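Scroll down for the structure; my scribbles are underneath it.
Lettered A, B, C and D in written order, each chain numbered from 1.
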């Protein structure tokens, strides 16, 4: 059933897709989350409802968009609403089951930084910033995080806290009254980390085939907690790989297509 | 130019219509205000912008609607928006130049009651209530009031203050920071009352042809202040009467038309 | 979304004592659903609606409601709602507790409910007696940036909102077209959403920016042609202004009202029979 | 509404030091108008936009702006905005003061501005460092009904909002179709509204509930076919994802960026010439 020849990006995307139950409502960001959500929709979860912050609700793209506002998303949507409604009527209202986040830095309690490396006033690297992340982190029923694991991104201390995971852990998040349950899983290119039920410290609970605990530890900027029962995740099956690769191929093709505009003769 | 044969309702409507300059943005209520606004639009003010609280912006009906949400209003509108936007994006935002109000009771400072006659908790007459009136009274650039003048409706003291005119007068309204200027004119079936520039007490400034000051005073429940220069208003001209009567005839005709619904055979 | 006969949808989702909003501003008023509530003899409902209109006059006169949240309670363009008046003025058939707003306030309350907020904010306007009699429904506060006086109204969260719409597609998505009032906000604010529609279609006749309620927000839907009569459904039938004028006479006296409701609502099986009995449908 | 050549519309309505919002979320970004601002060498603008995108990278890199209010400043799907980064990290070509929001906060600020409010309210979420660094842009307060912690953000009121749209009709009404982001709120919030459109038509191709900005809200309009390129205009042309990918290289170094802008923006008379020079239009 499983294909032996796949990339780390592919198993990461497939693993993320598998977290999504059919019928769930997902708030989708661009890049790996969009690939994962659409892969899930085109395999085991045909009734997945995808919401992009641009205002498209129930969108069913056949080509992965480069931006969250591509025309494909509007054309295949159930409904296109003003952006403020997405955040108010859907996210803050509690209509979103799953939110996806990525970031430049994550700490052991799944707090995220997507704002700056260095000091805010004089940053070493100015990152894009918050976007929808802080509210997704707060209001989505559950949060899934997709990030490549490196010592530079999995850090003991964030340079800037853009979005909250479990704050200092051990119930600190729940004490704030935050409506969503917080990050349920961090899917990396090594495996999956989940919060400890008591301390909320991220704990390695599963690895991809052939990946060692030592490698995962070396890719983490803090002493990584290892779960007592360490699962080996199944490789992508051939159907998943076929769908994912077809999606990406059609996307590359669409993006290579030149745009031509016909100007009226008078201009 | 002027037609000698007209009703008091007609001259009242025509006089109200004449208050509206071309290009103004009007928040229209049903009944006489709707007739006046559309008469103005079909005579001297073709670019009048009519907004009905149901959500229709820039509507140009050929038949006066019975309700503020008739289909005719939507079909002839520039834009149909959700009702909350009418109150937020148009009225509260200060985009409305003129608001029209009527009421069951008015006092000498043009405060209005459309809620109850008698005590609120055990009313003698329960009236429809506020609707859009309190916000129109506050946020429209200017307010025009259309009401038939009787001692029961022009009262020394309101049973209930639903919408504010000039409160206790003498600058009391401006002191609240209310954005709109307040009622500029009260158009009755006797003539026109305007607020005194200092005390804001309603003052009779104009009468229809053939109407006496004494008659207007007798129709008012307080000692009516009479303006120093009392104008005689021109009668409706033949064009105004023709347009108004044609509008009302087409409305009566439309309202007499029976509605037939075809049910699917299976039902 | 569950597609059900209207009788079952009301039985399953409208409970005695529930906060129920039947919305639709002049247009798309869910009369058929309201009549089914009368037929099922629901009691002590807390009715919520910007403009009670004839449908709430009927529910109130038939003793279904003990509370009303509203902003304008008249027969549009005609005059009074006699049954609403009788309940407020004389407690017949039972007393009716009022929570009274302005249109702007009630729309804001729905918006707040739709947004998961606890309250909504507007500019404070000069005090009216409404602020005095419904003081628990309004608070003034100062803008934290400018100090300007603001007014807060509490979020409105119906247990169930009921709407009428033009179309439902095979997947259960619902299209509303034309004047929508605060229907979308009332829908998003509610715990449950019940919809009646004119017709089921394979694909909605909907532009990209049309008002479409996704199927997963719809708790139950029923196909009820003519379900908004005597209000209207754009593209299907116009408002029956003659009936709105006639209602003034029908509802004026208790006896005539009750007789009319017994014959035309309680005495029929469903909305199609109601329309046929009144000669509106063949 | 005044129909003007774009050059005159920008000259008349965008002043040095103004608060300017060019909105359009991925879709309908008014690139032609932005380029005209570059050509007219406006200075010290306070730029406002949810997603600065390439258009603000260009304005910032050409020294038009001293302030930026935004919520996500990247090249969507590609990576960094190098000119925005250079301004923030190194003050080149001049320092850029940031007011930074989340999407939800900035959308709320536009909504508040559009509604004539002084501020907007949302549920308060767990503290982030954004609350700390832009504390003047946020306040926490308690819900007066429930005591729940709420967050207020100030209303955003641009001096001028600039949008691109598909159509304008003979009367000057403007149709936006497809993804609209916060364009409507930004339009209603502004003192002045300048619009570029793909085409003028006798009658808008608009459904009843379409997004139409009435002519009397439009200060000035210019007909600029292709005016959203390299973003897109639904029904007219798709997003030029190739250009978004190419921009990463063009904007990476100061010299290459400046040379590109001099040749392709300053060196052309108008947007049509810009499109022809780039081989996008014939």
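Assume a residue touches a chain if its C-beta (ideal position, glycine included) is under 8 Å from a C-beta of that chain, and two chains touch if they have at least 3 such contacts.
Being a predicted model, the structure only gives us computed values, none of them experimental.
Visitor: Can you tell me the least number of steps between chain A and chain B, where a step is a move to a chain it touches?
Guide: Minimum number of steps from chain A to chain B: 2.
Visitor: Centroid from C-alpha atoms only, then distance chain B to chain D, rounded to Å. What do you get?
Guide: Each chain reduced to its C-alpha mean, chain B and chain D end up 40 Å apart.
Visitor: Based only on mean CA positions, could you tell me how far chain B sits from chain C in angstrom?
Guide: Measuring from centre to centre gives 27 Å for this pair.
Visitor: Taking each residue of chain A in turn, which ones touch at least two of the other chains?
Guide: Chain A, residues with two or more chain partners: 74, 80, 88, 92, 139.
Visitor: Can you list the chain C residues in contact with two or more other chains?
Guide: In chain C, the residues touching two or more other chains are 115-117, 122-123, 148, 178, 180, 208-211, 234.
Visitor: Kindly provide every pair of chains that touch.
Guide: The complete list of chain pairs in contact reads A-C, A-D, B-C, B-D, C-D.
Visitor: So in the complex, which bits of chain C are touching chain D?
Guide: The contact residues of chain C facing chain D are 115-123, 139, 141, 143-146, 148, 150, 152, 154, 177-178, 180, 207-211, 234.
Visitor: Across the complex, what residues on chain D touch chain A?
Guide: The contact residues of chain D facing chain A are 25-27, 50-51, 70-74, 76-78, 80-81, 84-85, 88-89, 100-104, 107-108, 110-111, 122-123, 125-130, 133, 148-149, 178-182, 184-185, 199, 225-226, 229-230, 232, 234, 236-245, 272, 275-276, 280-282.
Visitor: Could you please specify the touching residues of chain A with respect to chain C in the complex?
Guide: The contact residues of chain A facing chain C are 23, 25, 49, 57-58, 74-75, 77-80, 88-89, 92-95, 139.
Visitor: Please output the residues of chain A touching chain D within their complex, sorted ascending.
Guide: 30-31, 53-56, 65-71, 73-74, 80, 82-84, 87-88, 91-92, 115, 120-135, 137-139, 160-164, 167, 173, 176-179, 254-264, 267
Visitor: Under the stated contact criterion, what part of chain D meets chain B in this complex?
Guide: Per the stated touch rule, the residues are 114-117, 171, 173, 188, 208-217.
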